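In the two complexes below, subunit A is the common chain; its partner is subunit B in one and subunit C in the other.
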Partner chain A sequence: MLKVENLSISFQTDEGMITPVQNVSFAVQAGRTLGIVGESGSGKSVSTKALMKLLPGNSRVSDEARMTYTDKAGREVRIDQLRPKGRDIRRLRGGEIGMIFQEPMASFSPVYTIGNQMIEAIRLHQKVTKKEARAQAIAMLDKVGISNPVGRVDQYPHEMSGGMRQRAMIALALAARPALLIADEPTTALDVTIQAQVLELMADLQRDLGMGMIFITHDLGVIAQVAQDVAVMYLGTIVESGPTADVIRNPRHPYTQGLLKAIPSLDALHDRLSPVPGDIPSPNERPTGCPFHTRCSQRLQGLCDQQLPPTVPLGPNRSVACWLETPEHRTGAEVDAQQQIKQQEPAQ
Partner chain B sequence: MTQDVLIEVRDLEVCFDIKTKKLFRTEVQQLRAVDGVSFDIRRGETVGLVGESGSGKTTVGRAILRAIDPTDGDVIFHSRKRDVDLAHADAKELRGMRKKMGMVMGEGAHSISDMAHDLLRAFRPRMSLVFQDPYSSLNPRMTVRDIIAEPLIAGGLMRDRDQIDQRVREIAARCKLNLEHLRRFPHAFSGGQRQRICIARALVTKPDFVVCDESVSALDVSIQAEIVNLLKDLQDEMGVAFLFIAHDLSVVAQISHRVAVMYVGKFVEYAPTDSLFFKPRHPYTKALLSAIPQADPDATFNPMRLEGEIPNPLAAPSGCRFHTRCPMAQDICKAKVPEWRELAPEHFVACHFADEAE
Partner chain C sequence: MLRFTLERLIGMVITMALVSVMVFLIMEIPPGDYADRYAFRKYSGTGVNVTEADIQAIRADLGLDKPMMLRYFDWIGGIVLRGDFGQAFAFETSVVKVIGDKGWLTLGILFATLLVTYLVSIPVGIFAAVRRASAMDYGLTIFSYLGLALPNFLLALVLLYFANRWFGADIGGLFSDQYADAPWSLAKVWDMIKHLWLPAVVLAWSAVAYQIQTVRATMSDELNKLSVTVARARGVPETKLLIKYPARLAINPIVSTIGFDVNRIFSELPIVAVVLGLTELGELLLRAYLDLDMYVAGAILLLLTFTIVFMNFVSDLLLAWLDPRIKLGA
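Right after this comes the complex of A and B.
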């Protein structure tokens, strides 16, 4: 339902041009969840904001970027060609593509009640009376598990606790019945028990409404539980993507491998954690070649630090951007390994 | 890990007065943020403290450091020479002690005293604090060298510039900071590096005890792993004890020797890490553990359903505070506060049904 190809975004800053997103391509299918995972500064939020045309004025989306969205009526819309303040994108925002932000307090207006804000969103996209919209809002609050929705609908955002606000935020995003939901770190600020509730709720609603979803987070544990597909981002490029279970069981990119090893696990309590060595480079000191080569333990001198690795397909929907996985290098490595085995055999 | 107790907390209570302005009068309500907490921390050990937001875990950390005054109870610091009751020390005594302890915070900590060197020799217990947000806890106008040196100067521990420089460089090297960067300002550093500066600042006085309040929560996983490893190494080298406050259970499990679980101002369980994570007794601990999403596609994610939200501490439930959300709650839970008892060696729990909970 959504296809993004060759998306690059650059910002004009005081220190020159920076490009936080480079050549990113991904697709979302109806009823499925795409997880985007990466450290801070990897460009995961920026690339989804481009989908809603919510980027600030000093940004530029590359000309070759294509963002194609198939709306509820089955028409194809080229988001990249829409004007950011035009009528068409405003029809998409909320009505077709809903968005949940990380900080629910910052995304509600403090001076209107939750109900007022939901009624406004519903009436923007549906031709209903205020009374009907209010009934819908109450039903939606009930659906997201807010107790006493009839009373809560007239409360202001500050009267709710963090978990409840986040659920109200989900209710607001879903009130206009979007076909695609973009959730940007929706559970990061919540406690684990509340997080579990919200994740369960989102999975239930997705099943009921058949939405497509993009779930942005830095927590691979959450990704493993909610997303069917995952894209791992590092410094603005997707380094690995594929079905979640496959990527987590058999990570092929050294960065994904490092990320998985760095997660503290209850199964290995007394083992030392193994962090990915080094720091994430700052966006204005982007390394040449593979963006990860400065921290990669398996880098190939003269190749990884000079040339951008190609995206190697590994199977249906599965790909990795790494020189180690290219056919030439793989066969080379296998030949080397076989030679080593042969050399060892006679000695035994 | 040695077995001798460093800090002993007995029936600690912290109340805040909440004032609400009504039309003609001001209503004062008492919020019991910490309500009768007892535990101890041994020399060179890490105690993890977990709980949801609003459970009072930060207040426990602050009260131990006397950054806020406890309403009741004792915090006893077992120095090698003599025991000191921090909760009862009066202002004058506390001012002297803060200097001796090289505490980073507090109104009395910023004057330089001639007495410091004598007192330092007589008295070496020290504690300090590492905050959550490495962006807002470093003064942007001070160089890294000055930031790290400040506790030494504020505590009156050292006055000689060369001596201070030497100590700063020593601790910075231990915290894996580049020594050439000491002249830079904090804005030039990434989150992980800043947190290392904060750790260096907390450890420069060679304290016996450091409170880490959500110190890795704001960091990315790979940097988080790096800081956890660094804290472990520094503990091995310097024998410092940590109170590690966090809401992320898997990080706490990784770093702590013992873990305490807090719920609305009270401890519900306190046990060695393995015992708490693999044989939890309290239903709240079980609920928390079941809610951690594991990065394993084979693991079944089936969080225990807790009804409702954390109760407001202004109107804490009667009896066991968890009874409003507990799936096992009986009538006795509403009526009677469960006893804090040692079910297995070192495994403390407050639940009427902890024996059956297995």
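Right after this comes the complex of A and C.
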């Protein structure tokens, strides 16, 4: 239902031009969830803001970018060709593509009731009376598991608890029944119990409403729970993508491998976690060649720091952007890996 | 909202009561009273020997011999119960007659000034914030500095000169000659409005300059709020979005300082009135003090302070309406 190809986004800043997203392509299918995972600054939020044309004025989307969305009526819309303040993009916003953000408190205007903001969303996209819209809003609040929705609909955001606001925010994004939901770190600010509840809720809602979903997070563990497909982003490029189970079981990019090693596991409680070494470089000091080579333990000197790796297809919907996976280096890399294991053996 | 309004209303009444006591005390502070002044005026140079008993008689005649407490309650009781502000001794008539039109004209200038201030500064400030760093924005900033730096009596003179050249001679004062002493009529009100804009612009000038920057700053903050992006992400059209979400909160500092603006306008009005030849209360207040005509002075002080207290009340209600968190005591 959504296809993004060759998306690059650059910003004009005081320190010069930075390009936080480079040549990114991904697709979302109806009823499925695409997880986008990456550290802060990897360009995951910026990419999805481009889909809604919500980027600030100093930004530029590359001319080669193609963003094609198939709407509820089955028509194809080229998002990249829409004017950012036009009627066509407004029709998509909220009505076709819903968006939820990290901070529920800040997502609501504090001076209007939850109901006011939901009814506004509904009436912008459906020709219904205020009364009908209100009934829909109450039904949606009920659907996201808010008790006493009839009373809650007239409450202000500050009258709700944190977990309830989170649910209300999801209800707000879903009020006008979008076909695609973009969730930008929706559970990051929550404690783990509430986080689990919200993830479950979102999975249920997606199933009930048959929505497509883009789920942005820095937490691979969360991705494993909600997403069927995953794209791993590093410094504005997608380094690895594929079905979630496959990527987690068999990570091919050194960065994905590093991320997985950094997840605490019950089997290895005594070991120290091994973080990905180094820090993410600042966007105006982008490394040449592979963006990850500065932190990669398997980098090939003279190649990775010089040339951008190609995207190597590994199967249907599965690909990795790494020199080690190209046919000419594959064998060598495996030999290197075996040597590493051998070197470690005497120490054990 | 009803409970909040009631609370603020009671607060306002208490404040006004305290203010009236203060005003009365201020009236009492200058040494001597109108009885002394009256005797001096009447008999000075006539060779008549005025005794303390004569002054005492005048004092009793004017009702100034009673104890202070009693006089306060007489005074405030008259105002509250009968709208009677007492005697204007020097004019030998009632205070209401002396102040009469002047009071209304002062209030007219006040509200015209407030209207000009807010009607200009709020939309322009919002515009400057939305078009931040544009040529328009920089132009407005320069205007703001100019507005803050120019003393407004100078501005009054300059505007008077140009208004005179462009619109004819009768721009000073609040009325054209043919209406000055005419009874009130629609034509006279229209004539007044035609004259009112000049003092309103002069008095509003610096406030406009200042408030544009206030609105611009808060609007810029509000525009960056996540809730604005979220509203945009649900498809709210841009103009409606700006008014409903960021602007409503951006005018908060303006609304909360209405009382200050009223105060400032009252302080600046007398000198502007002198330059523009307006009849208003400031000059009368000064004269009343020189004459020890205490009830005139008291009525003027009371009118000005009550207006400020009342406008603060209005400002409280508006704030609560703009931001419901206030009335909920959050």
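Details
The rule is short, and it goes like this: the second predicted complex is superposed on the first by the 330 of 348 C-alpha atoms of A that agree within 3 Å, B and C clash if a C-alpha of one lies under 4 Å from a C-alpha of the other, contacts with A are read in each partner's own complex, and residues count from 1 in each chain.
In the analysis below, a residue touches a chain if its C-beta (ideal position, glycine included) is under 8 Å from a C-beta of that chain, and two chains touch if they have at least 3 such contacts.
Note that the coordinates shown come from a computational prediction; the quantities given were computed from them, not determined experimentally.
By the touch criterion defined above, A:K127 lies against neither subunit B nor subunit C after alignment on the C-alpha atoms of chain A.
Once the two structures are superposed, subunit B and subunit C can be ranked by residues of subunit A touched, with B on top.
Of the two partner chains placed around the shared chain by superposition, subunit B is the only one that A:P264 touches, whereas subunit C remains out of contact.
Of the two partner chains, subunit B is the only one that A:T244 touches; subunit C does not reach it.
Of the two partner chains placed by the overlay, only subunit B lies in contact with A:H218; subunit C stays clear of it. In the superposed pair of complexes, A:Y156 makes contact with subunit C only, with no contact to subunit B. Once the two complexes are overlaid on the shared chain, A:R75 sits clear of subunit B and of subunit C alike.
Subunit A makes touch with subunit B in their complex at residues 39-40, 147, 161-164, 191-197, 199-200, 218-225, 244-245, 248-249, 258-260, 262-266, 269, 272-276, 279-280, 282. Of all residues in subunit A, those touching subunit C in their complex are 52, 54, 85, 90-95, 98-99, 101, 103, 106-112, 117, 120-121, 124-125, 156, 158-159, 172-173, 175-176. Those residues of subunit C lying in contact with subunit A across their complex are 225-227, 229-238, 244-245, 248-249, 322-325, 328, 330.
Interface residues of subunit B, counted against subunit A in their complex, comprise 52-53, 190-193, 220-226, 228-229, 232, 247-251, 253-254, 273-274, 277, 287-288, 290-297, 299, 301, 303, 305-306, 308-310.
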